[in-house]
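One chain, chain A, appears in both complexes that follow, with chain B as partner in the first and chain C in the second.
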Partner chain A sequence: MEDFERQLRNALARKQEPPTFEAKVYAAVAAQRSGRGIFWRWATEGAAVVVIASGFWMGYQHENQQRAAGEAAKARLEVALRITVTELSKIQKTVRTSTEDE
Partner chain B sequence: MTFAEVLGANQSMVFSLAFHFLRDPGAAEEVAQDVFLRLHQKFDELEGPRHATFWLRKATSRRAIDYVRKRGSRATIALDDIAEPSSAEQPGDPLLNRRLRQLIATLPEKPRMVMVLRYQEDLMPEEISEILEMPVRTVKSHLQRSLAMLREKIDRSLGDIR
Partner chain C sequence: MIAIRTFFIACIALAPLCAQELKLPANLDRLATKASEVVDVTLDSNLLQLASRFLSDKNPDDAQVKKVISGLKGIYVRSFEFEKTGEYAESDLEPLRTQLHAPAWSRIVGVRSTKSSENSEVFVKTEGGKIGGLAILVTEPKQLTIVSIEGAIDPDQLSELGGHFGIPKIESDPKHKDNGRGKDQ
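Entry: the complex of A and B
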């Protein structure tokens, strides 16, 4: 059995890695580092774009709300003016009638 | 301990583990590179050269087994066509060595990795059990069964030659 195990050790003796192996590992490590750098740059730029877009969106929403409030106030004023004009016409008519009677 | 020192001291071990398990020099190189890349990511967590070697054996075993599972039924290189990477010295009968490697390659994944760790790295069953996270008795049982099978097939091959 010992002899057979020695044969197995011979058969499974360590092999030499290819001569370019070490260089390839360092290249892969460098690529991984720069990949991580690119990721963080994209993440930072992406976050900046989101913040700016949010600012624009909030400004747009605020402007819309103000415009809507202005429109509503204008409509209310128009209604009030219309009511006043109607009331004034009624009063004028009453005054004219009473003057003619005298 | 620097990454360069660990790489220099262990690259032959990692490549050989992957090669003897996968029997494909290209795949072995891919697996070994991936293992060292992961080592670089985890380098700060390692406690010393011995821990680094243990970590590398464990990561290589796991990664090589995963590689075979992912490759699945994809066509593999015929065992006779494999170009053997060079080694410092080749003791023993080259034909017998080749035949033994071919037979080991036919073993299922776990017993094959147990054999490679036992006879390439000269590890004891207890150490193999830690690396492969399996009970010591399972390691011993894989070894016994694989040895019996290999002996039987080698004896039969030699009988055919005689």
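Entry: the complex of A and C
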């Protein structure tokens, strides 16, 4: 029983912290803060990369769409001019033939 | 208040006369369901500008087309080809013909062939002594073609496009060059 009490007293006795304790605590807090900072820095940089890449991608897509629309408009223009000139040509030929007949 | 209302009603009523732009009638779309082949090209000023950006100045054909379309506000083409005759009536073209009247529009060429039952007409719109629009109306028993070009157009420049840009070449005949235009038969 005495042995148990002695052990208990020893365990609960106030002990002087080691001289490196405070330094260890500060180091641990700093490490924790530094880890959190790295995370946020990486997150911010990652977000910036994503935003810039999205911007480039959207610009590329817009340019592609514009090019497709432009090529389509050019093709339509070609069809329209072909029909117009062909019809004018036919009319011109008919007029010329009838003039010659007269 | 009544005066303001009258003014607005007058503006709305007179707007089509002021604009004088040829509107292709909506009933033409109905013909598309009967046609075996349909060409429907609508190029407003925005699309013409867009197409123009894709025409190279270095390519002579493109440059020529660019020059022709530079003063245009729109090109509208409707062409229908039918399997059999009688799929469209002359009345289908009535809304269009009512717009192609003086003073804005004048018919410069009218060709009627009894042999092939083909009827071709060319109308021009004059604005301040200059051509501000061109309309071509070609009716055949199994085919109907309507072309409307809005804006400053030079028919000579248009003819010069023949043989370029995938457009068939127009046979030129200097002897009859002047007879080809301004003649109403």
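The rule is short, and it goes like this: the second predicted complex is superposed on the first by the 73 of 102 C-alpha atoms of A that agree within 3 Å, B and C clash if a C-alpha of one lies under 4 Å from a C-alpha of the other, contacts with A are read in each partner's own complex, and residues count from 1 in each chain.
Keep this in mind: a residue touches a chain if its C-beta (ideal position, glycine included) is under 8 Å from a C-beta of that chain, and two chains touch if they have at least 3 such contacts.
As the structure is a prediction and not an experimental result, all values here were calculated from the model.
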item: Touched partner set for A:V29, first chain B, second chain C, both or neither; value: first
item: Contacts of A:R9 with chain B and chain C, given as first, second, both or neither; value: first
item: Greater residue coverage of chain A in the superposed arrangement, chain B or chain C; value: C
item: First (chain B), second (chain C), both or neither touched by A:V50; value: neither
item: Partner chain(s) touched by A:A68 [first = chain B, second = chain C, both, neither]; value: neither
item: Partner chain in contact with A:P18 - chain B first, chain C second, else both or neither; value: first
item: Intersection of chain A interface sets (partners chain B, chain C); value: none
item: List of chain A residues in touch with chain B within their complex; value: 1, 4-18, 21-22, 24-25, 28-29, 32
item: Interface residues, chain C side, partner chain A - complex; value: 39, 41-43, 47-48, 50-51, 53-55, 65, 68-69, 75, 77, 79, 109, 111, 113, 120, 122, 136, 138, 145, 147, 149, 155, 158-159, 161-162, 165-168, 170-171, 173, 176, 179-180, 183, 185
item: Touching residues (chain side chain A, partner chain C) in the complex; value: 66-67, 69-71, 73-74, 76-96, 98-100
item: Chain A-facing residues of chain B, complex; value: 3, 7-8, 11-16, 19-20, 25, 29, 32-33, 36-37, 40-41, 84-93, 96-98, 100-101, 104, 115-116, 119-120, 122, 147, 150-151, 154
